[in-house]
Amino acid sequence: METMNYAAIPTPRGPEEKGDLGFGAVVSTASRKRLLNPDGSFNVRRVGLPWAEAVSLYHSALTLSWPQFFGWVVLIYLGINILFGALFLLCGPGALVGSGAASMGGAFARAFFFSVETFATIGYGNISPAGAMPHFIMTFEALVGVLAQALITGLFFARFARPTAAITFSSRAVIAPFKDGKALMIRMANRRKNELIELKASLSFSYVNDENGVSMRRYRALTLDRAEVTFFPLAWTIVHPITPASPLWALDHDALMAKDAEILLLLSGIDDTFATTVHARTSYKPDQLDWDTRFTNIFNQPDADGLMSLDISRLDETHPVV
Amino acid sequence: METMNYAAIPTPRGPEEKGDLGFGAVVSTASRKRLLNPDGSFNVRRVGLPWAEAVSLYHSALTLSWPQFFGWVVLIYLGINILFGALFLLCGPGALVGSGAASMGGAFARAFFFSVETFATIGYGNISPAGAMPHFIMTFEALVGVLAQALITGLFFARFARPTAAITFSSRAVIAPFKDGKALMIRMANRRKNELIELKASLSFSYVNDENGVSMRRYRALTLDRAEVTFFPLAWTIVHPITPASPLWALDHDALMAKDAEILLLLSGIDDTFATTVHARTSYKPDQLDWDTRFTNIFNQPDADGLMSLDISRLDETHPVV
Amino acid sequence: METMNYAAIPTPRGPEEKGDLGFGAVVSTASRKRLLNPDGSFNVRRVGLPWAEAVSLYHSALTLSWPQFFGWVVLIYLGINILFGALFLLCGPGALVGSGAASMGGAFARAFFFSVETFATIGYGNISPAGAMPHFIMTFEALVGVLAQALITGLFFARFARPTAAITFSSRAVIAPFKDGKALMIRMANRRKNELIELKASLSFSYVNDENGVSMRRYRALTLDRAEVTFFPLAWTIVHPITPASPLWALDHDALMAKDAEILLLLSGIDDTFATTVHARTSYKPDQLDWDTRFTNIFNQPDADGLMSLDISRLDETHPVV
Amino acid sequence: METMNYAAIPTPRGPEEKGDLGFGAVVSTASRKRLLNPDGSFNVRRVGLPWAEAVSLYHSALTLSWPQFFGWVVLIYLGINILFGALFLLCGPGALVGSGAASMGGAFARAFFFSVETFATIGYGNISPAGAMPHFIMTFEALVGVLAQALITGLFFARFARPTAAITFSSRAVIAPFKDGKALMIRMANRRKNELIELKASLSFSYVNDENGVSMRRYRALTLDRAEVTFFPLAWTIVHPITPASPLWALDHDALMAKDAEILLLLSGIDDTFATTVHARTSYKPDQLDWDTRFTNIFNQPDADGLMSLDISRLDETHPVV
């Protein structure tokens, strides 16, 4: 389809196109899914990659949750030892000497436990290899053990060192009174003890436009009252004033729904612990906007020492404007 | 309280607000604590996080002092071996064979020492497991040992790799003669052998302002005579000339106290050893300012080889201006 | 040759020289090879370095493919154990005690297996050293084992942490209709699950120019219709409109061949997984350009869930413009 | 000395001071040493730090040469095992059982070798501990072994990951004909296989000036004909044209000597292998300048395959201009 290919190449149509973030016009028109999920992931898939590349073991090993990660470690650990246990067993009854198999739950159990003692480089000597072939297998397993230790250490550290911002965005955005008019507001907080500094936010408005009978998805930047803060010790509420210059001016809920609108928020900052730049993003569809609503104050009164605190559990609290 | 929520959203009131660093107007008004501690940490707390997230083991493991870190390592090492020792003991008297328990301080001591030989993958064989269950526990402990080695290696490196600037700021700021007038000066030195390059400083003045009967905390940038240096081989004295354009013009000690003033200093630079960007910050309250005082020269005369040196221990030395 | 040395110093000849990327005028004139290979490597060699520096083991260890890397690990592992096996053998027949050599394939095999048990710190005890010299060799091999484990762990992680962009460029560039004229287009896709953000592209045109009878290689920047995208979730087609202002204006295939032209593409972006900046580059010679051709759309229709997908295997598909 | 303290604060004296790199006016006047050594290190020392901080073990561990690093590793390895060997010996003759001490070179040798088998977690079992105290010492040594493995692995990787640019600068700078006049030229080459990209150079001229009878060191930037290159595949000659606008205009060797001049060169670039920013710097004193001299071409003719090469060993080759 000629037009779709053309659409994949974003064409400049004036300054408003600066809000386009790289999705292009195609995706958004053909798909009725949101562009960005609330957790910041994209609603697209890549296909056509060879199996080996598509799986991307390393990327998975980094992005698994810790319980999943440890689950895989245990499975692979058992798998390796079952495999080598089976190999030792295949060498025949005389391949392993020492404690009798009967006391350990049978010949396979003995071979499995011998494999563990080898893989983990323990080597009590209560079971030991006898003959050239078992020694050869042991030589190979010892190398596998060294590599496995190196691999798991590398993955542990890579998981630690991976810069991630634990920023919680309010699950809904509000349209609240601001100065003499109204503003779109989104609240966020830092869940981690890590300080985030030099935070920058950018907000985009994406909508479907009818152009000569063709539906095209368009993008426009939404200017922020304040787009940067040096410190982010508490919460930050970003504010887009809905002035006549705003693409949101005079649009109500129904108009936003009709345009299949989506508000895209991008955040970048520096994690002070590792001095790495972290990114976070989210988006809001029209049904996540609360009109004539304010975020409720989430600062607690200073305690006896005069120290203020912020109650992150109340990040989503709002109240209607009367 | 409506106004507090509004205050959490910094509203632009002209260029002077560029000095606001993200604290917003609320915190500073309600709390009488300083915003930034001398060591650069913030005087705010986050509450309302689930226990698991609030603890942040990894962040703690990185920011503990080395003695604390090693203390925890020893405790966890003993704890793991006590736990596995107890498990081996629970398998009954025949679970471990080899050297008698009596010679090692009893059955529990023997089980504990066997656990150590397993966990650390030594496996002399002077004690060895007998039966399926002890072998099974040994299999699990061997995995724990592999993971513990990986974890401790990862933490060691993460602690090493964490970019930290060991910048010492003078404990007090001075108001000294400068050209035809006066200037606020703060001195700093690099405690590490690591070279810091491309250093940038920014200075802010924070104060409480009465606006229509409401106390609002305001922020204004203080321009520096020189805000960047390429090298930081020695000490650096940053200088804010108190000209009529300065927010500090015509303010004396009492005026600063009345305004609950705070001078915030931010520094960023590149650590030449790891090419990572490091940040440091501190603040000064009015009682940390010395009026009509100079920093005393801390350069030693060149030695026999003509090499100059800087005496960091005298960073805080000042003398009154006569 | 005086002129060549002069040529090595790029002389500014107006804004068009901004396209020069550091090759200078010499290389390109004397050599008829392309400047940049399709995989982004350079067509030059450095000579005159001492052997030790030229080999650069660490760089090789990082850039080897995984099979090559594991091949070397196996070879070095065998080599170390053959070496230490031989050393133990040299200590005489009584140096090792325990299981008889006959059962393991001879004295050398026994010494080799003993070395493995030592290097990998297994130490079953079925073979053990006897006498001062074998213990001394064992002491040394134990240290080698510790260092080898550290080295392989460090290399594993360094290979993981090395930021690499798996960007596939279309193997050919096309000259396709664009608005009222034509444009040079190159398509690319991200093969990894890692999100790439803040992508920037720059395109240069390099050609040989006759200047007063001397062939000089010149460089000119090619402006892009869009040089940056915030997200790169799918494919990106970069577009250089061939307007009268373009250095490619009015040049056809034969003219480009005669000028020994080369189109150089540079890309940089941020890998969202590690927040590291990654770079990719490629180049196109005139015989890699398809005239009056378009890239075929590679978006699949939305699936049942409304999710779009991109077929990376069809990145190179083009069709002629009728 | 009042004036020295004042001098430590760089005072702005117009745009020429932009060349000051952070040394300030004091250092350079009082010391007759060069500011920057040819290898880029600074000619200043810090004193007054507590012993523990001044030593900076980690920084040393990173910057030692590899032979020195391995030397320390061997010493510490032997030291730890001598220490633990002595502890085991102190437990009395019955603390270790197994192979007799006589065959290993005495009781201390046996205790030392047992310590090695424990520290490296080998544990053949040919020697094993007997009694509670030896087991307790073994427990502690096993922990030391785990930590040592973690430490050495962390240091290995930190040494690998440390971004260093192996840029060789020509040992001398030349003043060569350039266009209609002359230019100061410095040549550099990349010794590593790592590609360096986005290289930026800046050049400063430092000199002592007599100001109202006081010698003050001043700094001025030297503009470069070309201050950036995108690729650095070969050699790069940076060129400062000595026009009437240059601070070097009309200065000859004797004038530079009288002013105790120093030319400071700073370079930054991105190492393509790790995407880390690397820095290099050097300086030239007047006796390192060659007047009316050119760098000799160091490009070899293309080989049979048309591939050019650069002979880095001839980087310093110059020839007089006739």
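Which chain is which? They are A, B, C and D, in the order written, and residues in each are numbered from 1.
Methods note: contacts are C-beta pairs under 8 Å (C-beta built on N, C-alpha and C of every residue); 3 or more make two chains touch, one makes a residue touch a chain.
Everything numeric in this text was worked out from a predicted model, so none of it was measured.
Once subunit A is fitted to subunit B on CA atoms, what angle does the rotation have, in steps of 5 degrees?
Rotating subunit A by 90 degrees superposes it on subunit B.
Which pair, B-C or C-D, has more C-beta contacts?
Of B-C and C-D, more C-beta pairs in contact link C-D.
How big is the gap, in whole Å, between where the Cα atoms of subunit C centre and where those of subunit D centre?
For subunit C versus subunit D, the centre distance works out to 27 Å.
I'd like to verify one number: the distance from the centre of subunit B to the centre of subunit C, where each centre is the average of its C-alpha atoms, in whole angstrom.
For subunit B versus subunit C, the centre distance works out to 38 Å.
Which residues does subunit B have that touch at least 2 chains other than itself?
In subunit B, the residues touching two or more other chains are 117, 121-125, 149, 153, 155, 157, 161.
Which residues of subunit C touch subunit B in their complex?
My answer: residues 121-125, 153.
Can you check the complex and tell me which residues of subunit B touch subunit A?
Listed in rising order, the residues of subunit B that touch subunit A are 1-2, 4-5, 8-12, 20-24, 26-27, 30-33, 42-49, 53, 56, 58-59, 62-63, 97, 117-118, 121-125, 128-132, 135, 138-139, 142-143, 145-147, 149-151, 153-155, 157-158, 161-163, 266, 276-279.
Quick check on the complex: what are the subunit B residues that touch subunit D?
It comes out as residues 73-74, 77, 81, 99, 103-105, 109, 112-113, 116-117, 119-126, 148-149, 152-153, 155-157, 160-161, 166, 178-179, 185, 189-195, 197, 199, 225-226, 229-237, 239, 270, 272-275, 294-297, 299-302, 305-314.
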